[in-house]
Amino acid sequence: MDLLRSSVLTLIVFLPAVGSVIVALMPKEKEDLIKKFSIWWSVIPLLLTTWLAIDYATNFLRGNQMAYQAKFAWIPSIGVNYHVGADGLSVPLLFLTALLTTLGLYYSARVIRKRVKEFFLLFLLLATGMFGVFVSLDLILFYVFWEIGLVPMYFLIGIWGNPKDRPQYAAIKFFLYTLAGSIFMLLAMIGVYLSTGTFDILDAAAKGVWLNAPTFAMLSFWAFFIAFAIKVPSFPFHTWLPDAHTAAPTAGSVILAGVLLKLGAYGILRVLLSLFPGQFAQFGWIVALLGVIGIVYGAFVSLAQTDLKRLIAYSSVSHMGYIMLGIGAVGVALGMKNVAGAQESAAMAFNGASLQMFMHGIITGALFFLVGVIYERAHTRDLKVFGGLSAVVPVYYATMMFAGFASLGLPGLAGFWAEFFTFRGAFGIVPVLAVIGVIGIVITAAYILYRIIQSLFLGEFDPKRWDHWTTVFGEHADGPTDMALFEKVTLWPLVILMVLLGLWPTPLLAFFNEASVNILSSLHF
Amino acid sequence: MNYPSVFNLTWLIPLPTALAFFAIILFANPKKRLSSNIAVGAVILAWIMSWAVAIVFFLNPELTEHPFDLNAPWLPMGTITFHMGVAVDAVTAGMLFMVGFVLTMIFIYSTGYMSFPGHLDPAKYPDAAKEGLDPRYSRFFAYISLFATGMLGLVVANNLLMLFIFWEIMGLCSYLLIGFWFDKSYPDPKQITPKQAGLKAFLTTRVGDVLFMMGLIFLFIHAGDLNFQAIFGNQEFLHELSTSTVNLPFFGAVTWAGLISMLIFWGAIGKSAQFPLHVWLPDAMEGPTPVSALIHAATMVSAGVYLIVRMSPLFSAAAHGGSGVMMFVAFIGAFTALFAATIAVAQKDIKKVLAYSTISQLGYMFAALGIGAWVAAIIHLLIHAFFKSLLFMASGSVIHGVEHGHHHVHEHGEHGHEGYFDPQDMFNMGGLLKRMPVTGWTFIIGGASLSAFPLITAGFWSKDEILAHAWADGHMAVYWTLAAGAFLTAFYTFRQIFLTFFGSPRTEAAEHAPESVRAMTWPLVALAFFALFGGFVAVPEDFPVIGGLASDFMAKLMEMQGEFYGLHVAPAGFNWTPALISMTLALSGIVVAWLVYGRKPLAAGKPDPLRKPLGPIYTILENKYYFDEFYHLVAVRPTLWLAQFFFLFDRNVIDRIVNWVGALGRWLAAALRRWIDEFIIDAAVNGAGLVTTWTGAVVRLIQTGQAQNYLLILLLSVVVLLLLIPLK
Amino acid sequence: MVGQILFIIIAAFTLLMGLGTVVARNLFHAALFLVGVFFGIAALFILLEAEFLAMAQIIIYIGAIATLIVFAIMLSKGMMGREAGAYNKQWYFAGGAMILFFGLLSWLLVKMPFAAANASAPDDAIQQIGSGFVGHYVVPFEVASVLLLVALVGAIMLARERN
Amino acid sequence: MTLNVSAIIRLLSPELILLITAFVVIGVDLARRRQDDGRTAATVAVVGLLLAAFASVLLYLSQPGEIVLFTMAIDVYGLFFKTAAFIGIALVIIGSVNFMAGRSKYLGEFYALLVFAALAISVAVSATNLILVYIGIEFLSITSYILAGFLRGDKRSEEAAIKYFLYGASAGAILLFGLSILYGVTGTTDMATIGDLLLRSDSAHWLGLVALMMVLAGIGYKASLVPFHQWAPDTYDGAPTPVSAFLSTASKAAGFAVLGRVILTAFPQFQPDWTQILGAIAVLTMFLGNLTALKQKSVKRMLAYSSIGQAGYILLGLAAVNASPDFGGVNGLMIYLFGYIFTNIGAFLLLLAIEKKSGGSTDMEQFDGLATRSPVIALLMAFFLISLAGVPPTAGFLGKFYVFAAVMNQQMLVLGALAALNTVIAAFYYLNVIRHMYFSESTVEGGVSASKGLMTVLVVNAVMILAIGVFAQFFMVWVNNSVTMLVANGF
Amino acid sequence: MTVPLSWYLIFATALFSLGFFAVLSRRNAVAVLMGVELMLNAVNVNLVAFWRYLTPSDLSGQIFVVFVFTVAAAEAAVGLALMISIYRTRKTINVDEINDLNL
């Protein structure tokens, strides 16, 4: 058991990479074998993360212990270690990553028709990068995984992107944007070492970074923050996102929205918060402000979209704004040591932000899958050509309804809890900003209902309006066909999660709540 | 405290319908009859449990002192754990009694009502047409099952958060059901379609809901909990909340209790369609009629009232703290009561009239709450639910009949109807009492109850209670506003009755309208019973003659419950003056209606006789004071415009920033080479007087390909480096 | 004093020859001027009591390098005498830059006070140089010889007549 | 210093091996000329180079400390560069066998010249004496001129050679002038002594700086530092591709190594000055290299500019040199160069396969759809480019990490920020090639093929890039020892 | 020792500058090469003068000069060979005409 516990994270992280090497060695004509292998191989991390979640909840959750740690010297001369570990904040996200990876592979197996081998290879590699970020406890290791995730995504967007959406432009934009942020983060990481003599996140946090050099602390804070904010993405660093999401193949969008965006938020909570609590307290309001702008702005821009995928992409900007608002509120609360209730609100805001990370992952993941479903049939995403699908494809309609309403934060579905906790925290700390953010909720409802549901599903279905229908397998069809089995298998686990977590978020919340209480109480500055 | 063990069932009450919902959407939905059977079975189960709980509570009035409260740990929040749970007090019991019953009636009614709809082309849905059922019959039952879950859950919830959740689930169902016939469209592009109505309903109530959520969150922040009993049992806390203030822009210092109450009240305004968020409810009539009956009359819209009833201790604390929130509630309620009633006068759609009457009646309840007539509000809420659902269901039956008649006419080809026929237009009806006697008489009973026909209808007793309170407590403005509303209510109700049921049929369709099936008529009868006699649970004790005969146990029960929550609601007592005034007004409304519509039945194709005398006022009323247009102008269009603006801003400004940086880089590169070429080398050469054949190099990069250029730069670089030395 | 006059004469001669090398349009003339420079330098070496170097200068530069250049000129006859002009287009500017460079560098050099050691040149200079080559500087020496070999091989390879 | 002959032979064994190898190569080639396309000669050369590299490693492992033998320092710093250069040149040879076979008759000379170049580098990086510095640099230059112009009759090759020659000769003269002044100021040619003397004398300041500037120009051009870089794009572009690979890696590394040693041992007094100047040069180099590379249509020329840009990063290590054992700057420079050698050789040699297919062109169109035509080659190229862009866990990242760290350690924030900005600019054009390979539709039919030797080299390079990134410590130990040595040396 | 050291230095600088001027402005590559030789010679004067005036007992300066000779010879050989090779290909050795590679 101890052996398993000390190696499980390493296994989770590197198994996908091993898988991609194995795929690389397979002959590219054997597409079926490649697909089957990749899917089943990705199930292993899924099982491991499931076990991890259960084991963590039973044994380590109380006090949010940093469990499953493994630490080997990597570049001992500068104290860079291979140091991994997981706590209440990362365990659920690991599960989310594993789940979306498996679903993405499974879905792609049916819809990816060109350059199959490369796709599956890169997709598995991507998983390694994402897992890695969530378990890294060493800044350099963190950075390495952070960047590793970038490369496969670049290819996924560029190669399998829809040619109409300028995928090459989107891919390069995505890469450069993220790189531009992260390279400055690297400088700041070095700064952390120069200040504390260690790259270990936990050690550095314990020692405090740039305690006597406020200017450096401030610069480092912003360098980290901008890197994370670009990834999140927070207004005004979001413009890569609509392009990247729109251009990416379905599974790519799912991973991008479901996991990659979370890396930024996770980075803020794991790295920025623990290393620079003082600066966080000082600048938290800016973070919160950006979050609020993101919420409202993203929602309005979504409302103006007529391209379904771009709409959902912009909705991510809005939804990630909640995370930023929550995180910013946490920061502001750090500077309110004497205000009664502020710390409680901070814990709520932290919970809200982390819940949103998970919830947005499953919801927007599902939404992007749903875009894929209709796109594979209609070969367009222009909302103007649809209408009345509710009567024609009821299963698709029902699935979209769940995802859509979860996305607009309907109580009883997953998204609500994230919003509720975020606002519960934010109202206790930055009420003015929170009030503005509330506008976003209304606009969100407007674009989901008005743009998505109404345009796609309501009204009378008119076959004359669009005549390029095929089945999902590419055969000619007179109209849309309902979801195929594989699409149901892909989507329904997510829908089930939305409903279950909407009704009973407690198991998930237990993780995040322990994390938030303990992380917040451990901050000192 | 030992509670009757039946209370342990409480948490199960919302469950059967929830299970029915999932069962239908997941498994049963291809089989229409099976789906409706599941739904009806589930709701009957819920009904039985609700009544069991309610009646047991009624039998044990002492429980008002110790309301039942059952908790289970739910959400870890920081260092505390939030509990979920159910509670039963008198209000809950009353609501359960009403909701369980009305739900069941409407479910049963729906099995008959949801036949194949007239606006669909049978050729497109051959299977459904053959069965004679709506193609999305199963879906309908799934939705209303989910709705039932929402309503029942809302009633039994013991904390504001759960209440909010169920509140929103109802909002969802309302949206889904209003837009149930999403493929319906009208020849008149201005006429709102079901899909638009659903959207409008959801978004309008959403505005109220977020304000509600803000109030909820503020309350949570201050109380650390949202459990009703925990909050309202803590007088100290309420006191503190009503004395601590917060500074708001424009409003100055307000108490926290006032602010929170106000925010929560906005939730109720949205949900209960009070002015100024009333616009969605009339359009919600685009939904199938059972939906209108259920959601937009009996249950969901009155949930707003229920919310304020629940939160009354907070409102009253706020009022004690000097906040004007109660007055605001009273004002909104009274104003809406009159305002909506005026609009109802000029509507021709049978359901729209009822919709405005609903708004108006809800206004009465809010007015009652605003003046502290807590018990009266609750009782009017309960009784209104019965007669209003009755009215809606009866009107549904009428519509159904007219539609069938229309089809009948159509099929037999007696007339080719040119254009569109509106089966809901009262001017297309007339004389239906003969064709549809059960429907007709039950409608008249409901209408009488709504008009507060003295003594024999339930509506009289409940409405009278409110007016009596207003009079007794000296809220004269409220009283007169409501009294004026009462007159109008009687007038438009009987206008409706006369137009629909009396006189002679004004169309072929009306002439051939058949009575509805028994699944639809029986619930009407059952509800009519309560519409007539339900009021006898609240007859004032000192009312002459009847006061002694009837019981006022409900009012008593609620009073006790109010005491428990610190609401001191003394019975207003009976007073002849207001009672007579209101009776007179109600009766005169009926009489005026008879004079205008009943005495001389309207002939086919004639305009509304009111149009002429009222002139432009009629047009204004007909157009609902142009509120839709106004909101379109100030809210919808700016929002869409803003969205477009932000989008263009994003594309053209924010996104371009990166491009600008890129362009700057390119420009720098170009400038670099131009600079070096033109200014250093070229200018130098110019200076030396040699420009002749250098032109080729101008366009080139610094990398001219000329080795000696390179060397010159090498030399110049060394010179520059050497120059640095003395400059140092 | 005599030394100064001698220096001035030699230096002037050498610079003139250098100028000739630089300005002569005819490449062959330039080569001849270059030989003159080499001689002048050799004379300066003698003035500086570096007789060995003077000898080496004459042997290597005049005997080898200058000859090589002349050979090259003759091997490719068209190399010289082209009418297109001896200078490229940037020569004015180059001249200006050179004057700047010269002025700056000589100013810097003259400003520096060198601590002149008033010792005389050793008598066994050649011997010392020789032992330096096989002693302390043996590696550079060997490298230099390899360098010459490489240059030889490379030059042959590059300049060899193609089939 | 008393050393017996065997000790001397041991200490000079890398150079001796190379010398012998060079002669054997020529001999073998004379014996087997035109029979095997120079394969035997190449084999001998490679074996000799690897043996020399092995000898260097052995010497390093014997912990030589600080031995100065006949103006040559046998120290970890020099041995590191020797090993790197030898391996690099060996890889160039292996990769170029097929390419050269049909193009020149003088294959023996070609490989011998590369071995001689290795010898020159070996000497130059160990030089502790101005004379040896000069002669080492010139030896390397002259070998390089010949190599650049090796394809007789090829206009581009010849042009590359003559430009390099003219530039190198002039820069060499400037270097020599600088060295002469340095000699004049201190009266010695031993660099360590010069360093000491300069430290002690105040009056030598100005002329010391004059010498420094000239040395900077005279050696900096080898490392293609702006503004002494202009020969590089033309020469890299025109020279035979293997030679470009050599010039942009081993030769450049030698330039940096010599510059580093000269500056650190002879000019420690002027650290405040050269820190600023080198910093400015580094910024110029990065910007110019990267911005110009953006515009290139030919991948070879793009790589040429890229290698200028890369020089800028490398120079950061020297600009930010400091006494810290972790991020001293020099270790960054060394590990950067080490990784860079493999990366750039890989990228350049890969062009051979493209050129073979296209008949000499390396335009972007030749890369269109390469990933579908020749997936392995495309993958390798992508990997090299990604390493050049500095994405972990490649060698390129490790190098950037260390130089950036040094810059941060010196708190040169503006410099760090500008360097970071450049990383992004550079990523753009590296990704552009990847874009052509992976995203574009082929405009050319059929895959490209690489000979067995070339493929071996490419794979070895890729493996090394990854190995350096992943097993960083293994390489950093050596590098850090060098820094310790330099620091102990009085800096 | 009547001639000041600076005279030698100025002379050397002048000669160096002349040589560099030739390098920069002569079109013919052989002339350019001659310029290089002038530069190297100039530095030789520098070296010898420094040796003579500063450290006559240490012959490093002279030895340096010998090495410069070697390098100059090798450079000249290779350079001229290159030029001959280029001349064969292009029929010109004008430096400004050898510029196919640019940008």
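Should a chain be cited, it is by its letter among A, B, C, D and E, assigned in written order, with residues numbered from 1 in that chain.
What we mean here is this: contacts are C-beta pairs under 8 Å (C-beta built on N, C-alpha and C of every residue); 3 or more make two chains touch, one makes a residue touch a chain.
None of the values given here were measured: they were computed from a predicted structure.
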item: Those chains which touch subunit D and also touch subunit A; value: B
item: Number of steps on the shortest touching-chain route linking subunit B and subunit E; value: 1
item: Chain pair with the higher count of C-beta pairs in contact (B-C, A-B); value: A-B
item: Centrality ranking, top chain (CA atoms only); value: A
item: Farthest chain (mean CA position) relative to subunit B; value: C
item: Where subunit C and subunit E are represented by their mean Cα positions, the distance between them in whole Å; value: 6
item: Gap in Å, rounded to a whole number, between the CA centres of subunit C and subunit A; value: 71
item: Chain centre separation (subunit D, subunit E; CA means) in Å; value: 26
item: Where subunit B and subunit D are represented by their mean Cα positions, the distance between them in whole Å; value: 75
item: Set of subunit A residues in contact with two or more other chains; value: none
item: For subunit D, residues contacting two or more additional chains; value: 131, 135, 138, 142, 145-146, 149, 152-153, 162-163, 166, 170, 181, 184, 206, 210, 233-234
item: For subunit E, residues that touch 2 or more chains besides their own; value: 9, 19-20, 23-25, 32-33, 49, 54-55, 60, 63, 67, 70-71, 74-75, 78, 82-83, 85, 88, 95-96, 98-103
item: Pairs of chains, among all present, that meet the touch criterion; value: A-B, A-D, B-C, B-D, B-E, C-D, C-E, D-E
item: Footprint of subunit B on subunit E - complex, ascending; value: 20, 23-25, 32, 95-96, 98-103
item: Of all residues in subunit C, those that touch subunit E in their complex; value: 1-4, 7, 11, 14-15, 18-19, 21-22, 27, 30-31, 34, 37-38, 41, 44-45, 47-50, 52-53, 56-57, 60-61, 64-65, 68-69, 71-73, 75-76, 78-80, 82, 84-91, 94-95, 97-99, 101-102, 105-106, 109-110, 114-122, 125, 128-129, 132-133, 137, 140, 144, 147-148, 150-152, 154-159, 162
item: Subunit E contact footprint on subunit B (complex, rising order); value: 700-701, 703-708, 711-712, 715
item: Contact footprint of subunit A on subunit D as seen in their complex; value: 325-327, 371-372, 375, 386, 389-393, 397, 400-401, 404-405, 408-409, 413, 416-417, 420-421, 423-424, 427-428, 431-432, 434-435, 438-440, 472-473, 476-477, 480
item: Subunit C residues within the subunit D interface of the complex; value: 105, 108-109, 111-114, 136-140, 143-144, 146-147, 150-151, 153-154, 157-158, 162
